[in-house]
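What follows is chain A paired twice: with chain B in the first complex and chain C in the second.
Our next item is the complex of A and B:
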């Protein structure tokens, strides 16, 4: 095998215009200016970066970045069920997921990165979202573990985790119905915004997270908090779905590139 | 896949006259390694005393005050330091403190599962803490802000992202590199006498009185460099992978500092016994490896300063 891909170490992320994003300016004013100047292709999404195979010991692994949010996902499985008591259904694989954040991932150092309510909730959400696409019936009496570790958090961690998990599952060769991608969108100052970062998310507007099965065009995950009138909600959700499709396009490119590399290494 | 012919005379393998190499490696790891060691080579074509390719990069975590990513072969460690202001204790009123924690999240290895944490994680955590303190790499007095009232506590978190042997080596290297990269944030004192950190832009805008404008970087004393060897029968194997660590008799970790002083020797029991000659041999291997590690660290620092 060739040299393993190294974890990206550069910490200068190229966001739409890094020079103008200062903390003193209100985030939605900047985003509004950017949205009106960006073409439709860009969608106003943050810079995406994905890499497969970062953890050599795992059956499948991936690193995914959305702007400053950086997440590593590792998949172990399908393997023999560890705890027979947990096995609900004999005819399907058991999917387990654990989400944890590094102590240094947020601005203030977090004390309990695992086991707190938010982490447990996000673990559950990711597990159920991935269960929708994994063909569990093909692997009865086995177990698939998905572990997600957040290295840097800047809003949209849920979405970055789901995207990283999709890449890791593909790397592990787990049979899936479709690729699941996720993106968040919000609504501030009468403008729908795509892919909120932490500053925009905490500005108090609603936050809609959507996860779709890309080709089948079906929604598996939909979460929203704060109030939103119905027609605005439809706009925001549509925007989030377009964002998901853009992520799906990017993920497909990564997977295709990876397959080409594997092919060339095999010498075929 | 290639097949290998196993000669007779080896009990467990006598029956496996023709077998694929990979299967032999899984089923009979000890004879597999014995055959390699007798020819003074390892399965990944290294010699017995050569270490894997090591890379250090500084500053991967933008939100931390100091961070470093170290890879030794496949073993990957991410260390990050966050500084917080605290009141020092009365006995050491002009010193800061360092809190070291080492994590092995489940992504790093199939052996680690939620509910079954790695046995070796708290051991390495304690080892790291001991070595960092006893090597006096960081002068705690430099972490003091206002004597008796405010000082820094440096929270060093080391995360193992991929566990493939020599975990302590990579962890200590990443801790050392993170301290080298550490940039102490500017602080100022408000009216109630409380110390708070000031970000770069705020400093220009509000002209607060800054307490520590000059000293932003720690002066690192003699840096400790570790090397782990495993001892198997009469061979000394430097920088083992996880597979080698699992089957070899015993491991020994030696930490030397740049002046050549011995900082730590750690041989936690094990079936293999080491004579003093063996230990001296390990120390000389460590000396050689230390030269390479010093160069790698200096290169990483100069790359960062160019940026």
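Our next item is the complex of A and C:
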């Protein structure tokens, strides 16, 4: 799948000797080696990359990368409801979401049970976030399945999953109120940090994940793992919102380019 | 690129890029390119002429905002967004191809790439004996003798019931079970509604049915009027299976046409009989084997041919 992961260029580390880089092999090991010498700087967003139409049999699909975090999303539907028992309301579409992490996505290869608590929680979070933007009323008696899988985890997986799901839903032609994007921000050594990677995340500082409706300027997701003073929190959240807007800008560019390409090939 | 993983060499890559650029430049000269929108783009409208907001639009603080990715279309006062990649949106009278997934009391349920399953009532199709009469309980028990699960069926959209479910009908000899062929699925936006969706490709002895829902059937030609008589005569003898296997030549043609459809849908070109036959003829002209039709060389050639075709169209217009 694509080129081998490289060190995030947007990050700056305090001059690790080139020797340590050569001794350690995998990017994860390199990152752990660098963790000790990590210097906190207010870096910007990691490199973003999005690709539409990566799963051929899905109604919509997308691959989304934020730095070394790489996520694939596939949308099936709107389609007939498979399990009538799950149907809450006859007048709107049922949205389902399944989040999973590939066994090879983290540094140490672990075998996770399919429905562990962490992935159940993230599935729920993504489902609720996407439900906020999908116009479910337009698709009565149907269901939309969203599958997101983390191929490479380097912090901010839930943000990347939400961004990938947005792209995939737009590709599937599901009507949406607005584009939802997500980005995380943290606070380490008195510096607000945007888009935390694994090393920064595991340093133990607070991690604020924000999801916004880009055009309407409304927050649909806000999660924080630790306590923060209110004024600091506002700074951090503002930073995360700016990150979301940058992601939104990028996602719209990709979507517009994809739409133009489809239309130009189809011809008149 | 969906579905097909091509390994292009350097020349092919350059040629493909040139042809695609050419396609893009022709599209850019039309109005449609400028009207492409994505989700949450605002659509410029003149509010004085009280416009009507159609599909794919919503209202946000007095602005008209797109809820889909697609192309803005304006018809008089109506403004709507024509979605490109999405599921099928049925319209009454559309000819569709579907697959039976369930047999329910007095009805078959069909998968037709819509957001729900479609319903074909026993009463809205002709009985195999061709007699017009009320459907009895016996008919209901014999429903599996008409269609069983996983059969591919051609039918027409009859309309929406008051509860929102989609009803189909098959009240003619040309509708009904499709056998001896291949079913292909393409994105529905590649199929345009036309007068004719059934096509008999004479020279290949093949039927091509381009369903509005993006299901395309390529199969051996069946004579619709003859079919009626064979059904009546053959049924008691029960030797339908044995005596009419498809000849090898026809099978080859079916595969060739199917690959042409696959190729066109992967590139994203509109599917019409003309484009399909043209692709098939081009493959025959340049002696391309059936399996090589999905290879990189023919892919590039097809894109180049399409670019040339559009170039000649532009020249004709000017």
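Operating definition for what follows: the second predicted complex is superposed on the first by the 223 of 268 C-alpha atoms of A that agree within 3 Å, B and C clash if a C-alpha of one lies under 4 Å from a C-alpha of the other, contacts with A are read in each partner's own complex, and residues count from 1 in each chain.
Note that in this section a residue touches a chain if its C-beta (ideal position, glycine included) is under 8 Å from a C-beta of that chain, and two chains touch if they have at least 3 such contacts.
Quick caveat, the model's predicted, so the values are computed rather than measured.
Engineer: Mind working out whether A:243 is in touch with chain B, chain C, both or neither, as first, second, both or neither?
Structural biologist: After superposing on A, A:243 lies clear of both chain B and chain C.
Engineer: Determine, under the contact definition given at the top, whether A:106 touches first (chain B), second (chain C), both, or neither.
Structural biologist: In the superposed model, A:106 contacts chain B only, not chain C.
Engineer: Quick check for you: in the superposed arrangement, does A:50 touch first (chain B), second (chain C), both or neither?
Structural biologist: After superposing on A, A:50 lies clear of both chain B and chain C.
Engineer: Thinking of the overlay built on chain A, is A:67 touched by chain B (first), by chain C (second), by both, or by neither?
Structural biologist: Touch partners of A:67: none, neither chain B nor chain C.
Engineer: Looking at A:135, would you say it contacts chain B, chain C, both, or neither? Reply first, second, both or neither.
Structural biologist: After superposition on chain A, A:135 lies in contact with chain C alone.
Engineer: State whether A:252 touches chain B only (first), chain C only (second), both chains, or neither.
Structural biologist: The second partner, chain C, only.
Engineer: Does chain B (first) or chain C (second) touch A:179, or do both, or does neither?
Structural biologist: It touches chain C, and chain B stays clear.
Engineer: Between chain B (first) and chain C (second), which, if any, makes contact with A:78: first, second, both or neither?
Structural biologist: second
Engineer: Residues on chain A in contact with chain B in one complex and with chain C in the other?
Structural biologist: After superposing on chain A, chain A residues 56 contact both chain B and chain C.
Engineer: In their shared complex, at which residues does chain C touch chain A?
Structural biologist: Touch residues, chain C against chain A: 1-3, 20, 23-24, 26-28, 30, 32-33, 36-41, 56, 58, 60, 65, 67-71, 83-87, 115-117, 164-165, 189-190, 267-270, 306, 310.
Engineer: Residues of chain A touching chain B in their complex?
Structural biologist: Answer in residue numbers: 4, 6-11, 22-24, 54-58, 61, 68, 72-74, 76, 82, 96, 98, 100, 102-107, 109, 145, 147-149, 151-152.
Engineer: Under the definition above, what is the set of chain A residues touching chain C in their complex?
Structural biologist: 53, 56, 59-60, 77-80, 93, 135, 139-142, 170-179, 214-216, 252, 255-256, 258-268
Engineer: With touch defined as at the start, can you tell me which chain B residues reach chain A in the complex?
Structural biologist: Those in contact with chain A are residues 55, 57, 59-64, 67, 69, 71, 74, 76, 78, 80-82, 84, 101, 103, 105-110, 113-114, 155, 157, 159, 161-164, 199, 201, 205, 242.
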